[in-house]
């Protein structure tokens, strides 16, 4: 009795859904536009907007306009699945991107796989997303376990840099856990003792107690892993306040590489390392051009997230151009998937080719960018600027090691 | 030894601010028998107050407390007068859910107005901590600690020595008897809610320079509030003070000597044990 | 001319009718004993006078002024003070603070004078001034309840079961104090289970039964009437 | 007459997959039923016994994790895990009940909140069992034949039938309770626990039974969540927000009514979707406002108010 009524309401809603011109090619992007992760959703929205605008201005996809439909999942997993489902079945998008955090991305990947729609992951880093054999899921950015590779190379290749002991502090999320596992696995293989292995709940507000504990172990290296920028800032601040004095503090996660990090910490940020998925080489002309365009449009300089989002739209556009589209949505999605499989491209993020290979922790990846290990860069904060220091080929300046500011 | 002292110092400093948040919640519970789920969001408003004073008006965030506490007092009275007064009559469950809705409303309105960006207050005079006896004492936290003590003493004086304070305590112990003394119970409730809101806002102002702020920070704080007020005995002001400092110490020692991952668990387990074994709170005077 | 007059007052708790049209009068400087079995409506009557309960119909007039629409605070301001059953002290406040609460509406000067008078009547309270009310003995708590009532400067004092739970020797003391208060020209409306004692002290008595006034008259006459004693007083 | 209507409603309920072809609407219908089951399960304890639990996400999470763990670690097909998960949820609720029911009113609510948080923290950290924050993912559901036909896990129908069955079971249980002496006991405890005890009702045992029943259905629905979404992580299935939402659905629908949670879920799921669609950033603001308005002006819930109006008219 009541259910048909409810369904009537639902039907009325669906009819009221905004009508979209038939000849546009639609990309669906579930992102957190409200709730705690809203600032990140906004970064991606800006990046997608700029990319789509440029592509459309340059003639679109073989004459057809590109449209990115962002739908809000509030950083809630079930809602991410709902949104993905809605984009695929209601909005009839050809391909998905976005997701923001790994938990939501796994839901989206699962839906995309079932409903046979390509999902081009732009930022979520959990290995599980491309390690479960989902042939409809593609990823440009490195997986979590690849993040520490530049750091691993640095300590292996620089004479005397191999840690005598290491403290690892990471957030208790997929992100923190994966990177910590990867880093610790490598360190253990080099017989480096892990003197502190501390997982903190995300948004802890107070890291003085952890740092007190870390200080008591007197580590040679301090590795900090944070998915949230604020945690990155507070971890560093509290480590220095309590007086932890390792030879180097190395941060993993976007937060250690954003402008806010230096702005908030001022001199406390000096000489902190950031091992990130992408640190952008400002000397590269294409990167320069992108920086300037982005700043001209939005008044801010892009970072990791914006670069990833911007690149994602170009990757998808490239595949759409090569795919033969018939207007039958199922066939078109398969065509886009086939085109993505053949992608060979260099974006502002770096080189890209999807492939199946084994990750550093033994995961079997499918459709994971085979150049991911090369994207890992070690950078260091110098007087408010983040400069690449390793690998040597990408270095903008020479590294400062050990960190002189940490010795009392 | 140094580690132990350092953890105790950190615990007490943070705990003093927890105490202030807890006191605000507990006076409201005492008088109205409601648990205000939006209390953490009121703290958040105070944090933004300090932030905007600092960034917008270039006023020292600590100084801005003299503006924000009275404003939050009025705001709290308005919330009670126009929103809560009638709902409270509907019973505990309704009030609880109503304030949960209020919390959602305030937090998301803040999200809309201020965006979800994380913000921090950077004080030029407080980059590196003081180091008496090689123990790190961050300057903003030390200032907050001092102000929290001043505010708490003032509150104590208000409750112990003024007619208004006596009326609040009397209402919280026996509302009907207080009415027979000529106390306007409803007005007292309005004032008390204003007081609780002012304390929450004040605590927010004091917290802001040491932490970071974002519109949904209240979620994290509200769970801590519950632990604090139950440790001390719901409705008891001295209990909430002791409970706040105790929680600060538990978190600090737990993180150092057990594990950061389990420090919240320790807090909740102690919370449960207190609920079961000493429902009047650890410090005796609360009611069961 | 009666100081307090109730006419046809009806009160209900939800669907349960408690008072079915109660009419009674209290004269200036009188002690009136309100007696009757449990559930007869004595406490309800007091609560209605003091404004804690609202009458559905009927009128309550105090010195020519209607009380039925006033708040408890406004009623206290007019000199009607209700010392409730079970004392209802503020257990976690000191004796001193409890007394100050009694004088909540009074001016500071009046408060100090009344405090002196209360301490004169109950010297024990002065000794225990800093103690928490919840830690007092039963007798002391009752003294404090009455003392707190006196702090409001009552012209009509309504006492609900002041002798309840007290040892016999303290009951004597209690009735002595009530008499003493009355000698200071304070009108007293006394609800008591201890019928014999209450009527012996009071000028007039009102007997209630099932939410109605059964009989009223001079207490001497009520005590003397054998049928009243048997039917209503259980003596 | 009533019996006929109920039968008709059940037939209509199970006919939906054959009438609605749009998969997104089917998804929303499944969401509505999932929330109905959760609201109704919560209602068994919160509505009838008046024990307001703010920790029911614990049971949902336990059910979801049990289903996943049995499947991924022990190879048990998830539909068996789902039922087992329900039983485990009920078992977990027993010690919780014996602990928390020594408390009343807000103290009980706070205790359940604490228990749920404790279980969440354990789930995050006990990695050997739960895989910690990484979460658990089922990539493909094993083959199942019903009446010789293979079940098509890519369509919505099997999930719809599954959750509709759970809803009928939990609403049926609610309806049965309102007719049994057990229901009268619960209401007596809600109205006045002291008097209930005085007339010889074992309040703790009665409450624990209600909690176990409530936990069973919540955990069962949690198992369904795991199978339907195929991915769970501790923050998603143990969150406080989930617990609050269950309470809210029961309250909006009408406490201690059999049909209330269905009304509440229909209302809130559609409302949330409309708000999300129409108001974008504003939608949680409106949602909060709506929550406040409902409690202020419809404290007895939508179905409760309808019941009152009908009662008054008749």
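Order of writing sets the labels: A, B, C and D. Residues in every chain begin at 1.
Note that in this section a contact is a pair of C-beta atoms (placed from the backbone, for glycine too) under 8 Å apart; a residue touches a chain by one contact, two chains touch by 3 or more.
Because the structure is a prediction, the values reported are computed rather than measured.
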Chains partitioned by contact, subunit B not counted: A, D | C
item	value
Between subunit A and subunit C, the fewest steps along chains that touch one another	2
Longest centre-to-centre distance from subunit C, chain (CA-based)	A
Winner on C-beta contact pairs when B-C is weighed against A-D	A-D
Distance from subunit C to subunit B - Cα centre to Cα centre, in angstrom	42
Geometric centre distance via CA averages, subunit D-subunit C, whole Å	53
Euclidean distance of C-alpha centroids - subunit A vs subunit D, Å	35
Centre-of-Cα separation between subunit D and subunit B, whole angstrom	33
Shared interface positions of subunit A, touching two or more other chains	34-35, 38, 172, 199, 201
Touching two or more other chains - residues of subunit B	108, 111, 261, 264
In subunit C, residues with contacts to at least two other chains	none
Chain-to-chain touches, reported pairwise for every pair that qualifies	A-B, A-D, B-C, B-D
Subunit A-touching residues of subunit D, taken from the complex the two chains share	5, 8-9, 12-13, 16, 20, 22-25, 27-29, 31-32, 121, 124-125, 132-135, 137, 139, 154, 225, 229-233, 235-236, 259, 262-263, 266, 270, 273-274, 276-277, 280-281, 283-284
Subunit D contact footprint on subunit A (complex, rising order)	1-4, 6-7, 9-11, 13-14, 17, 33-35, 38, 72, 74, 76-78, 81-82, 85-86, 89-90, 103, 106-107, 110, 113-114, 126, 128, 132-134, 172-174, 176-178, 199, 201
Sites on subunit A touched by subunit B in the complex	34-39, 42, 169, 172, 198-201, 203-206, 208-210, 212-213, 215-216, 228-230, 233-234, 240-243, 260, 263-264, 266-268
For the subunit B and subunit D complex, residues of the former touching the latter	29, 33, 35, 83, 86-87, 90, 92-94, 96-98, 100-109, 111-112, 219, 223, 226-227, 230, 234, 261-262, 264-265, 268-269, 271-272, 275-276, 279
List of subunit D residues in touch with subunit B within their complex	46, 52, 99, 102-103, 105-107, 109-111, 113-115, 117-118, 121-122, 124-125, 240, 244, 247-248, 251, 281-282, 284-285, 287-292, 295-296, 299
